[in-house]
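These notes are about the structure you will find just below.
Chain nomenclature is as follows: A, B, C and D, assigned in order of appearance, with residue numbering initiated at 1 for each chain independently.
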């Protein structure tokens, strides 16, 4: 399946782009992260410390072990700092 | 000594005036209350339930057993309901 | 850093212009006259001139010291206030939100039970009961 | 009862006109850009369009249900905001002050850690660090 993968804040900067479309067979977010980290050194660096990475599936906060089935949009970003 | 005695809210209404000047030898607020309550039935009624009466001496919240020495202004009123 | 007691309405937006310059967090509380399911058309608010200003200033200064406020303002009206009108406001400014929130709640808790204001209900048929103090308001002070 | 995400400034006074009609208590919180002892000249705020509006609306509705709010409003800006500018505001309206205060604090605690905004510091020499989340902000959620 294909998912839109979005990056924000310093994840976006390290990866060098705000979004990309990825063909994947990943069953969970964690498997998708492994696939992305294997793509190049920028992805690997951005995703090296998962304790500093938050994830949303289809614009809802989720977690690394969430299933990806049916997801259209997966976003990675640092802990939020609004308000 | 002479003190100005002030009344607010329903105490003012029951006593029928907002303030009066009282000659007193009372040593404490409680003694002043006894003197006032003995003046007439309106004072007696207004001051009959002291649990519903608050007192300020010279514009500072105080209590019934506070000494009156040096006081210029003593105010009696119900529990406050501002805000 | 000021307390005011006035008959006139106030404008929260105007009060906040320039308020708390340099702060990160500003909290306001405003109290409005409720109609109490149609029972009220207005409130009449009596106060103790002289003592009121002293008390509000003292509570504002105590809040500033305790919570490290960079600015505070208290405005309380008196006289007849129609349903929907603003009765009073408190504003607090601090570096962070927790201090600004706590200071505003602290001020409100003190104001409710310790500032010399009394409210009387005005119904469709004229003046009614004096509002009674709520025991919860007195209890609220124990947390500080 | 609305959440907005916008670049433009907002006017708290204008936002409060007619807000919470019928309520007895209105609380506002606004966050301002601090200069951090001269280290900053501005903040750049990034957000996640689409998710942001969903998240803010969800938190507003949750607060309304939990605290019995008669009205609520959330406005959060993005883009470059100079020192002293307003970043965001929350307003809550309820019958009594405790509910209005608690709802505003609840919304702020969620916003700080769960709404998809990220702040970057802009210093005299240009863009600097992304602001790091404070562990206290995450901890604040545990009280709700």
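The definition used in the following text is that a contact is a pair of C-beta atoms (placed from the backbone, for glycine too) under 8 Å apart; a residue touches a chain by one contact, two chains touch by 3 or more.
Keep in mind it's a predicted model, so treat the numbers as computed, not measured.
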Chain separated most widely from chain C, comparing mean CA positions: A
Where chain C and chain D are represented by their mean Cα positions, the distance between them in whole Å: 23
Between chain B and chain D, centroid-to-centroid distance (C-alpha), Å: 48
For chain A, residues contacting two or more additional chains: 83
Multi-partner residues of chain C (at least 2 other chains): 31, 97, 108, 112
Set of all touching chain pairs, with the criterion as stated earlier: A-D, B-C, C-D
Contact set on chain C toward chain D in their complex: 11-14, 16, 20-35, 84, 95, 97-98, 100-101, 104-105, 108, 112, 140
Contacting residues of chain A [partner chain D, same complex]: 6, 8-10, 12, 56, 59-61, 75, 77-83
Contact footprint of chain A on chain D as seen in their complex: 31, 45-48, 50-51, 54-55, 76, 87-88, 108, 111-120, 130-133, 138
